[in-house]
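Okay, so chain A shows up in both of these, paired with chain B first and chain C after.
And now, the complex of A and B:
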């Protein structure tokens, strides 16, 4: 055994995790692991509760993208109340939920890119940690910071008018939605006072993309090669191959782009996906059954969605999608840092979709809920901001939940994040005599690209809660760094 | 006129009628005294103690104490409100009340009272007692985790032909509400709604209708509990 470095907690991600890096006596890479050290227990304590409570209860998993859990659970409950498997709702029901979801993805992506990730780009991976944070952005890039705050606010307002409140609403109920959009709500967001209107959000989304593309031009090596590795990719796509964040069939491709899961019905996910448990993390390791736990891992999230989808059904985002695809000559894109690019394209897509939906009269009138023949098992899948989200429930004849299985987006990216950590460690730390703060931030940057939601938001301002300890082969502490 | 006489509540002189409870006199004059076990049309039983007031210096329950000439009543005072807050806090710790996921949130009298009394967090340890859920009836679900043992259901809900739908066993803090399973099979939706409405908390729920009222339209979303009584004063 050589040296062991621990990064705990990992900062500027949502939730609590730690990284351990093992080096040999010459500081060469031996192995690294991303440990998720939280235990939540939702799958257990939802048992016995009535099924209609699940969309409201389970969303409490998260304060950043609760809407994703709210909707995935509601979609599973749609199946239970006989309202179809994703496309059986009334137009009002489906469209209100879609608007809620686009608002959610929009604000979550904005939060991640501008608040959490952009400090690494604007100040450099090894920039001064005292300014390499959102306060630094606010001081030195005021326009960008204001945009980020207002875009996030806009997304939250969309959630409020569809779900009832900005965080942990109750809008989606089994079989539909519990409210219409009022004219006042519609006009406040479609044509609100500058900047709170749909057109401004589209304009700023385009601005965000331009910012990234310019940065990319100047920093090609970092963006293209940092923590890049080939992998399989998985996401939902609409039946015609379009990007669809709310509903679709499961598609997976291999590293060359060949379809290896060919548009599978979401209700059948369990036939194709299994999870492995490892003793050193509370987060499971999902894999495609036919390739086994060793080779069956895959990536999810914005990058994967760009890889699996054939087109984006909104014109401005489609144009950007074409540029994105052309960059890798139509082949799958495996660069971890291109997650940011893909995320920005999705921000634009969400902005366009929100505008379309706000103009749609179906949101203001029509039946809210539909029900059919009841069943006792339901699966709800959704493309959450961080990737494919699986909710699966069984109920008894008395309407109580007897089983819940949740595979959250970040769980799907467990193995990829571990590989990204390994890649960054090899690139920045392996063989170095002295470990610097910048080198350790590089490891965090590789994780951050995946926007992992380890449960709730945290951010590094002031005394950074990052401790790194370096041990020799006899486990004696030889170096210690604390960001403060 | 000899049936009428004067009392004061928090120094305000009010006219009371012979035989009326302090609660009735207060309500008729636009003064809110919080209640949980009391319910319009039911004989008061003074079990929850939330309506406690000071009458000539002694603590009494407003729902059962008949007003008499010259009574000096303290109601909205820091001392009384603190006492009420303690009572509400004990209810929260005795059961398992998780407002964020309860479908009665926004319509719940216990929650609304906690807000009104500015309860932040209970000062007492939670019991975390293991309570059962009876979901075996087709239209109603009983969640014993949330029952505050007010017995409003047992006292107030009868089937169309006059039979008791609810009963209770044991006494004190071991009171357990039960539903007549045979009668429950055939109740109307209207009766099921009545049962849900009479429950001040989320212990009696109509099945398969959770969260049907959007946030913003619930009973206490826009008006605090007691506001309907206090509005009388403004008129």
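And now, the complex of A and C:
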């Protein structure tokens, strides 16, 4: 008797999706899909609004990564006000924005690794679901939980002093930034009371990496082979090939590491990237035009950034980058679970960059805004925690937005997440007579590695219980399980 | 260790989505009133949503009021209830509950502030501002209640005796 299994929603990811798995009469894999069941409407909503509102308004998309949208919209508006594309800002404008961005990536990555992903590592993919969560971490690994909470708090404080406030920050404005960093703000974060200081954040970031590397040593098969598959990778890189989370040119490589999108200007993204719509998901499927929808899909995010970048411009993270690259002999790394490793290297990079910037006098003085000749179209790209984020706007002569196109980081990973689900299903479920909670969690782990923000990708809110449903080949419901 | 403050009001919600942001607006408006009246030991915070690091923040307080918008039919204008620590681990950090935050605080902060959930009835949740007129009305009723309650508390200096029974008694008077 054939079976259809539904996992809805996928847990410990940001937002709501469901997975359906079809098995044949012998319980072997037939097909699987990650469905995104929320509807997007934000691109329509923002039409008619004045362009200068966009950096603040777009933050309404998501309570998890508002800063990424704030900065991507601001970068697009820089182009519209004639301030250039990323490197046209004043030193103060660019560095304050960078500090804000590093704070955001730092706290987002910390939340994902320590609170969402680490329970699977510490308690096992098939561990007791009653403790395989952040409460379990707090109970049984208290030091780790405390560190993670304080690292989150530090990142949030960085955001607060650069964006102006925690909610609907106003720091980034078209052409620059609206404030300097005060001496008090600088000292509270650079040399604050233990543990709220830059050196402690670096120390703990190194500790997080050691934790992962030790786990990796003891669990090589899981970390290296779980949901691993070859793919193209895409990200921004600095013009000299360095990892750059705030600004750069678009680079894509194929599965062997050959450059296939060779450092393209962000303003020209539409010449190279298109999106396909499928009837079973509200989330689009981006692809590289020259390879078409079937073969043009690619991965984004921390793993891809490690694959496309040639070096990391901060010393401790560079040392870790070299270890990471050596592990695959310099070839692209395609292991989904190595997203976690890459994420931890980026946490360290952000910690180093935050310290450097807090020591930079440009943040405390200097011109805030650049002005230039206005244009009617602008594109803003940055490397958000989950991957490359595209904001594209057109305005009319009355300064109203007439078109908005957003390709959110998670959307770029749509096809890879579907393939990760397929891979995990084949590995854990296919051919099994009995489907356990641990097997279903394995499917979720494969998605969770990508840290998807599904609300963000579809721009909606909502809440659902988790339901797992088994159907026979005639679509009769034969079993059901619900997670509250 | 940092000296404990007495009371924290924590409003949360998305002010860009109409009535969803009423908790944040409540926090802002009561904060201004507290400042104008020079009342001590009452702090305010707000955010889009509850975050795990809030567990670290609330450990410095004896009493915490979480203030949120509510879609519940049972909520008439506004409602107050006690919060107990729970292990209701949400499937997404978009929807962390106050009981979850209290649980984390209890585990890592080794302190459990007396906590209450203030739910203010909302009606519309689109990408718009400001609050709807009906929710604005509910907000003002909630503010009147808390102004009255805080004044009484501070005059009588019985902050330690705050409990759900005393809150509901004043609400229903």
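The criterion applied here is as follows: the second predicted complex is superposed on the first by the 469 of 484 C-alpha atoms of A that agree within 3 Å, B and C clash if a C-alpha of one lies under 4 Å from a C-alpha of the other, contacts with A are read in each partner's own complex, and residues count from 1 in each chain.
The rule is simple: a residue touches a chain if its C-beta (ideal position, glycine included) is under 8 Å from a C-beta of that chain, and two chains touch if they have at least 3 such contacts.
Small disclaimer: the values here were computed from a predicted structure and weren't measured.
Asker: Report clash or fit for the pair chain B and chain C bound to chain A in the combined superposed model.
Answerer: By the criteria stated at the top, chain C and chain B clash after superposition.
Asker: Touch check for A:108: first (chain B), second (chain C), both, or neither?
Answerer: So A:108 meets neither chain B nor chain C here.
Asker: Scan A:418 for contacts with chain B and chain C and give back first, second, both or neither.
Answerer: Neither partner.
Asker: In the overlay, answer first, second, both or neither for which of chain B and chain C A:304 touches.
Answerer: neither
Asker: Is A:66 touching the first partner chain B, the second partner chain C, both, or neither of them?
Answerer: Touch partner of A:66: chain C, not chain B.
Asker: Who touches more of chain A, chain B or chain C?
Answerer: In the superposed model, C touches more residues of chain A.
Asker: Report for A:57: first if it touches chain B alone, second if chain C alone, otherwise both or neither.
Answerer: both
Asker: Looking at A:168 after the superposition, I want to know if it touches chain B, chain C, both of them or none. Which is it: first, second, both, neither?
Answerer: Once the two structures are laid over each other on A, A:168 reaches both partners.
Asker: Thinking of the overlay built on chain A, is A:178 touched by chain B (first), by chain C (second), by both, or by neither?
Answerer: In the superposition, A:178 touches chain B alone.
Asker: Could you give the residue numbers on chain A that contact chain B in one complex and chain C in the other?
Answerer: Residues 57, 60, 168 of chain A touch both chain B and chain C.
Asker: Considering only the defined contacts, which chain B positions touch chain A in the complex?
Answerer: Within the complex, chain B contacts chain A at residues 100-101, 103, 133, 135-136, 141, 205, 207-216.
Asker: What does chain A use to touch chain B in their complex?
Answerer: These residues of chain A touch chain B: 48-50, 52-53, 55-57, 60, 81, 163-165, 168-171, 173-174, 178-179, 398-400.
Asker: For chain A, which residues are in contact with chain C within the complex?
Answerer: Listed in rising order, the residues are 9-16, 41-42, 45, 57, 59-60, 63-64, 66, 111, 115-116, 130, 133-135, 138-139, 142, 145-146, 148-150, 152-153, 156, 166-168, 455, 461, 463, 466, 483-484.
Asker: Where on chain C does chain A make contact in their complex?
Answerer: Listed in rising order, the residues of chain C that touch chain A are 14-17, 24, 46-49, 51-53, 55-57, 87-89, 91-95, 100, 103-104, 107-108, 125, 127.
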